[in-house]
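Working notes, beginning with the structure itself.
In this document, chain identifiers A, B and C correspond to the written order of the chains, with residue numbering beginning at 1 in each.
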Amino acid sequence: MRRREFLGLIAPSVLVMGGLLVLPLYRTVEWSLQRVNYGEAGTFVGLDNYSAALSDPRLGRAVLFTVGLTAVVVATLIVGGYLLAVMVNGLGRSKPFVLGFLLISYVVPNIVGATMFSWLFDANFGGVVNHLVSTLTGHEVLWFIDPWPNRLVIALDTIWFMLPFSMLVIIAGLQGVPAEVIEASRIDGASTFRTHWSVIIPSIRGVLGFVAIISIMDVLRTFDQLVPLSPQATQIGNESIMLYIYNVAFQDGGQQLGLGSAINVLLILLIVILLYPFIRGIAKEARQA
Amino acid sequence: MPQPRTTVVRALATTISAALLLTACGAGSRTSSSTAAQVDCDFPAPSKATSVNVLAYNSSAIDPFTNTMVKSCSKNQVTVKHEPIDFAGQVQKTTATLAGDTGTYDVVETYGFIIPKYAGEQKLRPLDEYVAEFDQEYGLSDINKAMRQAMSYDGKLYGLPMQAQMYVMAYRKDVFESLGLKPPTTFAELRDVAGKIQQAGQIKYPVALPLLASSDIATAYDSALGSLGVDYVDATTMTPNFDKPEAAKAFDELRSLAPFMDPQVTTFDQPRVQQQMYNGSAAVAIMFSGRMNDLTQASNSKFSQQFGFAPPPSVAGGDVLYNTLSVDGWSIPTNAAADPKMLFEMIASSVSADASKASVPAAYPARDGIVTPGSSPYAEAAQVSIGKAPPAEPHPWTSRISNDTRTVVADVVLGNTPVAEGTAQMQQIAAKILAEYKK
Amino acid sequence: MTTLQEHGSALEPSRSDGEPPSAKRRPRKSAHTYLVGGVLVLVCWAMVSPVLWTAMAVTKPTDVAFLNPPVFTYEPTMTAFVDLWQTTLFADYLVNTLVVAVLSTIAALVIGLPAAYALSRFPSWVSAVLLVLALVFRALPRFAVVLPMYDLSRALGVYDTTFAVAAALVAINQPFSIWLLRNFFAEIPKELDEAAMLDGCSRLATLRRVMIPLMGPGILTAGIFVFLFAFQEYLTANILTDVSARTVPVFIATQLGQTLPMLQQAGAAAMLLTLPVVAFAFIAQRYLVAGLNSGSVKG
């Protein structure tokens, strides 16, 4: 392919991303160096917003919560997604049927799904899970103000709507594993567990990496589900970084757009650092392709 | 490969979807609810088709005024549009629409608390000249003076009052009667009554207050402080009052109710408190009067006939109750696109005598003499309550202090921060804000 | 780990792709088949229960809709649905949501296909940089781009239009689209384009006449994903719209702080939004697996 052709083909996409992603990003960086309100011109304040953000203990808590949630959820998604994928993939005629059911939580908008989820736990709305748990254990669990039960609800909801994607991608990966390889391993007398561990999993490593990278990105950005699930997130340390930005820059007419932008920039740095191993792999692959 | 079972499921899903879509017959046909009045809204037709966007949260007290405006003023090439939104949504959209040179909304629902801030920033249009012009036509001089005062800043009117909202206490008559209790008039009595209900064993957490940590809790603290006779700020010396003993006492009193409230009460906004009452989970609730009419609706709760209403208690005895008086009204943003005179006629017609009468019993209209003790089950309680509220603090810093100290208030009420440390932090935050206004 | 061990062999029949279970599989249909079946039924039930519970809440009479402890037997009613349609502009929100989803899907594919094709065929540092950038963009916190977009759309006078929301979503979902599509293209042998070009096709004609027809399942997969993303989007739509372009997720979110009966109507709106996508999920799942399977997710 000639350079001219290449440039012509990627131009529309680059223009769209340049105009609607890079330009806004530039604006965010600019705002992060200003004291600014909506609809007003800002005044340059240098790195004040950054030092304000970094000295706010809330940011540290938000980072800790977000990264912790990411670790737990992503690990569950990969292990759970794999187990579920193996089970579903082994089904016969009922497979499309089961897949359809499992995909429901994935296609429901997060905020709507999280609201439905919160109703299961909220005594005010006759939550059935809450009712069952308190009837069975005789113990009232404070799902919305006790930090750990609330974290459990948040993690469960996040897993609930992300598991189908992970399962779907892993099923696709499993179908690409050559039958002969599995057969060979079985003839060698390997146990079922060994076949999975040393034959199938290594051969779909790329797929599992893909699930990991997409999930890490999405959980790091956790926001929508916290609105219904954690009304008191700030007080109990369950504020995600995105929710923190929202509370600072938008909620209740909070007008600290500059501070919010500075946290945005810091979050981008965090994401790039966490994704660095993947970035290197991709850069290498793209140059060779 | 055909998969018979999926086909069945698919057919089923399609059928259910179709059946639900069928409920759409006559979509949009009831845009105004039955509380909407048809009133005169006589603005001259504009030269071209115009649409007027109204920002107002939904509650049974605000809806009658909004719906009347939509119903009566959509004519002469003008479409008045109102989309349902909750209170948090209104707060956020108000900030957004008032920022910048143009805004989406032409008419905004406002309340006394935020008028000084937005008026001080010249984001709202003064209405006095229009009031003078249309006084006769819409009978504007019958609107209560004090309420007009509450919507004014620096001697000018920035919001046309539609109604007052004050705290009212709702309680379960049947529960109180069976235990021989009387509606409490102080927090000490409230604790006593709540303790007795708790002991009776039927209701575990008898008291419900809107204490949502991200919003209502600030109003609750302000009400408690006000009932103890102290303002946020001493306006003459421009010093915050959080170092006064009452500031700590207000916290102690609010916290003293904790054993009688649901442990998750700091996640309750007013609709959730209503739900507590609908469900019979609580026996006493204190919230704005505009939420009371919902309780009396049989369609919402099987206890609708059991609710009694009383003025809220005072925190430590005395004449000023645990209370907030909030006047709701209509404002016109400075950056509204439509002709302000036409917009004024619309808001004036929505608070006209006929419209105000139609809003009872759901609301407590701003016009003198419309609410009588017999207007609604809670009218008498509301009338007592309105006269015993702490004075408003009509200054631009009030809403800012309230906003910026809210997380501290929440942390103290929740017990995360000791009272003394919390009040010290609040004193500092408020002093910093006040410094901006001293110059 | 027992589940894993017990039915590892279950991998095998998948490649028979819908072929009726053969006789030799029968004898194995014993304990572990039932165990797997049982586990899957439980998982499905758990996954669907939030939706089911909401479906129950919105078909209950209003006074018992959110009663605590909950009621399980009641006379179902459709009042919440009827009220929703009749007293709100739900129909408009639904149309807005669909317009945004369809517009942004079409635009994302029209713009993304050529770019993905070029990236799969032109190994250079430019491609590498672009792909890495796409990855980083995919991971961007929404606020970092959406808040400036709010300012931008106001300045351009497109604030509160379905166009602005769709344009924003095209850009936001562009990294995912080109990433996915590039991997599909990478699966198609390069010799194919060379042959076509020898036959006198231009680059663009090769893409249109040869590549795109071959990409059927890949395009469908990418299209389904982008459509779903747009259909579900809350944050972007919330910040870029006020009244005229409000979408269903935004509408539902602004109703969560309401009381009865409007809260019940919000639940009804959630069900109305959910059911069509559930039907869609049943139809789309086959294509999704097939599409992803043809090599898109090598990582």
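FYI, a residue touches a chain if its C-beta (ideal position, glycine included) is under 8 Å from a C-beta of that chain, and two chains touch if they have at least 3 such contacts.
Owing to the predicted nature of the structure, the values given are computational and were not obtained by experimental measurement.
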| query | Draw the chains as dots and join the ones that touch; what shape do you get: line, ring, star, complete or other? | reply | complete
| Pair of chains whose C-beta contact count is the highest in the structure | A-C
| message | Quick check: how many Å separate the C-alpha centres of subunit A and subunit C? | response | 15
| remark: Chain centres from averaged Cα atoms put subunit B and subunit C apart, in whole Å, by 38
| field | Inter-centroid spacing, subunit B versus subunit A (mean Cα positions, whole Å) | value | 36
| remark: Residues of subunit B that touch at least two other chains are 3, 6, 9, 96, 100, 275, 279, 281
| note | Check: subunit C positions touching at least 2 other chains come out as 18, 66-68, 154, 256, 278, 282
| Interface hub residues of subunit A, defined as touching at least two other chains | 38-39, 93, 96, 100, 123-126, 250
| So in the complex, which bits of subunit C are touching subunit A? | 1, 3-15, 18, 20-21, 36, 39-40, 43-44, 47-51, 53-54, 57, 65-71, 110-112, 114-115, 117-149, 151-152, 154, 167-168, 170-172, 174-175, 178, 186, 203, 207, 228, 231-235, 248-249, 252-253, 256, 266, 270, 273-274, 277-278, 280-282, 284-286, 288-289, 291-293, 295-299
| said: Touching residues of subunit C toward subunit B in the complex: what are they? | reply: 17-18, 62-63, 66-68, 78, 81-91, 154, 159-160, 242-243, 246, 251, 254-263, 271-272, 275-276, 278-279, 282-283
| message | Which stretch or stretches of subunit B touch subunit A in the complex? | response | 3, 5-6, 9, 91-92, 94-96, 99-101, 212-215, 262-264, 266-268, 272, 275-276, 279, 281, 403, 407, 410-411, 414, 416
| note | The residues of subunit A that touch subunit B in their complex are 37-40, 93-94, 96-97, 100, 123-126, 140, 142-145, 231-232, 234-235, 250-255
| query | Quick one: in the complex, what on subunit B touches subunit C? | reply | 1, 3, 6, 9-10, 13-14, 16-17, 20-21, 23-31, 33, 53, 58-59, 81, 83-89, 93, 96-97, 100, 102, 104-105, 269-271, 274-275, 278-279, 281, 291, 294, 298-302
